[in-house]
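First subunit A sits with subunit B, and in the next complex the same chain sits with subunit C.
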Partner chain A sequence: MSAPAATGSTLDRVLGARVRRAKGRRRVMLILVALIAVVVVVSLMVGQTFYSFTDVVRVILGQDVPGASFTVGRLRLPRVVLATAAGLSFGMAGVAFQTMLRNPLASPDIIGISAGASAAAAFAIVILGLSGTAVSLVAIVAGLAIALLVYLLAFKGGGGGSRLILIGIGIAAMLDSVTAYVISRAGQWDLQETLRWLSGSLNGASWQQLAPTLLALVVLAPVLLGQSRNLASLQLGDDTASALGVRVERSRLTVLVAAVGLIAFATAAAGPIAFVAFLSGPIAARIVGPRGSLLVPSALVGAALVLVADLCGQYAFGTRYPVGVVTGVLGAPYLVYLIVRTNRAGGSL
Partner chain B sequence: MTATITRRDSNVASLRRPNRVRLSWLLALVVLLALLMVASLAIGSRTVSIGDMLLGLGGSLDTLGQAAVNKRVPRTLLAAIVGAALGLAGAVMQAVTRNPLADPSILGVNMGASLAVVTGIAWFGLSTATGYIWAAVAGAAVAAVFVYTVGSLGRGGATPLKLALAGAATSAALASFVTAVSLPRGDISATIVSWQIGGVGGASFDSIRPMLPFFVAGCAISLLAARSLNSLALGDDVAASLGERVAVVRVVAALGAVLLCGAATAIAGPIGFVGLVVPHLCRLLVGVDQRWLLPFSALAGAVLLVAADVIGRVVARPGEIDVGIITALIGAPVFIAIVRRQRVRAL
Partner chain C sequence: MTHNHTLVVDTLSLAYGDRTVIDALDLAVPSGRISAIVGPNACGKSTLLRTMSRLLAPRTGHVLLDGASVHRMPAKELARTMGLLPQSPTAPEGITVADLVGRGRQPHQGIFSRWTRADDVAVADALDATQTAELADRAVDELSGGQRQRVWIAMALAQQTDVLLLDEPTTFLDVSHQIEVLDLLTDLNRSKGTTIVMVLHDLNLAARYADHLVALAGGRVYAEGEPAAVLTEDVVRVVFGIESRVITDPTSEKPLMLPMGRHHTRDAGAATRHEEPT
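Moving on, here comes the complex of A and B:
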């Protein structure tokens, strides 16, 4: 920081920088949206049978195209929509957690919330025999309960963010084994279904299964976006936030419920797609810069991640891999890299 | 470190148990293990009478009960051996890293062994039990070195949090790799879950035998390192001034631990939290002297795993729950309790 030369010119420079930053931010987000659109269209076109761009557009517009109407409309479209919706949900909820808890590692998939929703969804389907929205409701109740449990265990009697993460890791390990047990009870399930609950998968996506996820996204995403200013204040610490006029407890609760809701509904449909909630925020911060709310950029990054990973998983290798395996394999090195980088920088780990 | 030392001085009486107390605990654990092993032979989807059990142990297969005992003997032995290996490996890892949260599963070592075995089967045509174990030991070693390196970068060295995080991240990645490697292979992909959750069901003497040399070697190395690990607990500088070659001690002791958990994982799959819980309990019983702690951890690990196996067979009758699931359900709360109590500091 060099000393300001003159007040007027400094102000100009600051304002100019702000405008440039806002423009840069908008440009990055437009690129992300374009990327998502391209991947969506490509995902709809390729597969066992190739359909041309015009066929795909006609199906989306509701026209009847022989063959394509079924393949694209009934099979590929729900899958792509689920990928987008789950990616948006995981990305937005993940960065909400990371911002609120002021720790890039405190994402729902690391502190056990995704694992809880997944275990509950598997339990609801296998043991209780539920389906559809009821599964999502069980998942959200479990997600909230786990969030509350981790929070209480970590903060009762003082303690810091690092304790919360460690406790979350422990709880996630326990819940993963519950999921594995529930799956082992359901012998008739095929491998794909097993992998859905262990690592996340988009196979067999259907419109009925999608509906609750979409509804949750439409309702809860605006709630979170409405809290984006409060989130930024909460990041400065509770005291500062309340001095800035934020009702700390209320807005924290709102963010928590909305974010857990997004996670739980997406998990109930697609399983806990590994690392998407964790990675989207840091990636978004790198490409749009740390200033300003990361909710929307992170949601877009999440959607792009899931779409690209699913496209790779389906066609890039000889075998069709579920999306969660791809994000797990691709995401983990980035996680290690982040840990290394944060450690080097002497960060708050 | 100074804080830790003064804390130790202040309640040194509770950490240095008289040998009489230690010996009586030793006796108690041995009796407990014997009882649990008898229970493990008797209990299952069919409960066996004492007479049948004795005949079955003698090799008789005349009744269903005797045949069941015959099936349960290798399983019980395997549970005891794997438990001892994991308990001992956990105690050594906690001493080597001076980290209360060290455990073969939390540090990703078991998953490393798992991935190595799966890769060996899928890509290199590995098919012998000894081959599995070598692959598992190599995988465990690579994972251990990797996690420790990642976790100890940066300020403050290898803190419990950084190690646990690096381990959890590595574990998750390795689990994805296990799926990715085994999925294209229809013949092994059905067992994906068994390479992610460990169990001792379906054991036979033939599957146990190749593990024994590794188990014995690992135990010997670990126990011989006990005295040096005691010096290590005083801090690297003090240990060096006491004449220990700190780096050598670390590497040798870690090698013992890697042999143990590699062999255990190759036979039984990744079983978590035994190595975490057992040394902490044993420290309460016999104090912090590694020469007592290490053998106790082995014994208590065997007790825990045999007990977990029996529980898994009782609560889900007539089916059974894999022992890896039971240990996670028992171990995770203990992990959380340690995190809450210890305020996450180095041992």
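Moving on, here comes the complex of A and C:
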């Protein structure tokens, strides 16, 4: 064989495929952003009182509109912003975990990290009487501790993938019971609060409550995005990643801390909105294809999921359901499907 | 053409717990040649390769690339000079051949820098060199074992390193694909001067394809040099613990080892029938 010089046809082929995919990917992301924008606006318009599109826009622009300024600006807007921020956080952190651990089941809401953050947040509020950023900090410490615990238990004596997931599911169940216990100790028993910490809810969102979530998103999302190339290499196995110049341990730790941080701050404000972290990555992979980083597409899918689910939960049924109940209904069948499929394929969990 | 590089293993020792796997091993890899490391199971050959590519940290000693310890130099810098194809890399579900090969460009890219034309050219070159251009848009999980291995080699080629380490690149392949992979690596060495170091299971293929054969025993280099000098009946006896005949392969003029067991040798039949229990 002679020295290979990129023959025109192969180069054209590589280049053509890449440009086509990049275009397709950009189009899908634009559609997602448009969908999010539409759902945001609709969520701001509808409710017990209907406000027109112009009223909503004027409120967002900071003008004083009688009635709408309070209802839209103080009640609906924080709720919608929290839905978007939590969706972005869950979507991005979830796919980071799934990519890093090379398993769609290894998302933080399946392996107990969200449940840990939630139990800690409930404990901080109900038992310790904390609020605001303090709650988020307790949640992130708990999230990291649970991540470490699952990791240590799973890798003690080897094993890897399926062990990690089964241990995580067990720990998640334990932590849910802690949450239930903490709530039962609360002074007045509040169904809404219970649901927030068990399945996630946007009820009662306020600017003060969502500020730490927004801040965490602004700080931690770029950290994760900076790891997107390393994540792509880690997917090929630790040895290959290392051969490609990735410092495997350091990179994994960075991803872990940033992703747990996103989960914990979002959970402290909205609870562990069921299955959003778990579902966003696979949906994003389905619609943009496996090429390239899924961090941004998955974040957008997460935001769209939470927004649409909350809108449905509030108005599609006779009763108002918290957002986590709706996403739970979507997520559970997919979880079952995934487990059935992996077992049928003969793979381990 | 590639640059010359010195790759030297200097009194390297490594142990798993109490078990010493590599014991004060010295090795100088000839630049621009194909070296094959052979030895019985658990002789430390994979461990040596993994330490050379810094997947494992030595207990004592150094691996020096152009005089600098590979365990101390920046990871990306090392990855631009020396590549590694590990024994069982994993391909993400659904990834296409071109995308997987593109992952080899990672050490040449910054955190947020964009994909450039140079990256496309490197991927196209790698696909052409491995004759996988036709597969570019196929999913890696649909390919046969031989095709898949060529794709992984293409990924390592897209990394454009002057030194390439391979850990048993022919395992799990049938004989035609083994030959195909080794021919491909020889093409790469002959056309670009890439220094190749590979761990091989098959002694005869190692002797045929290597310019420099390294036989390990007990965590040390027992013999190294030209295959004809290394692959002898004495070396096989010490390193692998079996009797053998070594003849000259009529096609390649390289040494060919014929292992002898207790059966199927010219006088083994008689021996097994009449031998008294000792």
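The rule is simple: the second predicted complex is superposed on the first by the 331 of 349 C-alpha atoms of A that agree within 3 Å, B and C clash if a C-alpha of one lies under 4 Å from a C-alpha of the other, contacts with A are read in each partner's own complex, and residues count from 1 in each chain.
As a working rule, a contact is a pair of C-beta atoms (placed from the backbone, for glycine too) under 8 Å apart; a residue touches a chain by one contact, two chains touch by 3 or more.
Every value quoted in this text rests on a predicted model; they were computed, and no experiment measured them.
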item	value
Subunit C versus subunit B on the shared subunit A, clash or fit after superposition	fit
First, second, both or neither for A:Q235, with subunit B first and subunit C second	second
Which of subunit B and subunit C A:A284 touches, first, second, both or neither	neither
Subunit B versus subunit C as contact partner of A:I273, first or second or both or neither	neither
Subunit A residues touched by each partner, larger count belonging to subunit B or subunit C	B
Angle, in degrees and to the nearest 10, that opens at subunit A between the C-alpha centres of subunit B and subunit C	90
A:L153 touches, of subunit B and subunit C: first, second, both or neither?	first
Subunit B versus subunit C as contact partner of A:R18, first or second or both or neither	second
Partner chain in contact with A:V246 - subunit B first, subunit C second, else both or neither	second
Contacts of A:A332 with subunit B and subunit C, given as first, second, both or neither	first
Subunit B versus subunit C - smallest C-alpha distance in the overlay, whole Å	17
Footprint overlap on subunit A, comparing subunit B with subunit C	none
Touching residues (chain side subunit B, partner subunit A) in the complex	101, 105-106, 150-151, 153-155, 159-162, 164-166, 168-170, 172-173, 175-177, 179-180, 183-184, 189-190, 192-193, 196-197, 272-273, 319, 321-322, 324-325, 328-329, 331-333, 335-336, 339-340, 343-344
Interfacial residue positions of subunit C with respect to subunit A in the complex	50, 53-55, 75-80, 83-96, 98-100, 102-104, 106-107, 109, 111-112, 115, 117, 120-121, 123-125, 127-129, 133, 136-137, 156, 159, 187, 191-192
Of subunit A, residues touching subunit C in the complex	1-7, 9-11, 13-15, 17-18, 102, 226, 229, 232-233, 235-237, 239-240, 242-247, 285, 289-291
In the complex, subunit A residues that touch subunit B	105, 110, 153, 157, 159, 162-163, 165-167, 169-174, 176-178, 180-181, 183-185, 191, 194-195, 198-199, 274-275, 317-319, 321, 324-325, 328-329, 331-333, 335-336, 339-340, 342-347, 349
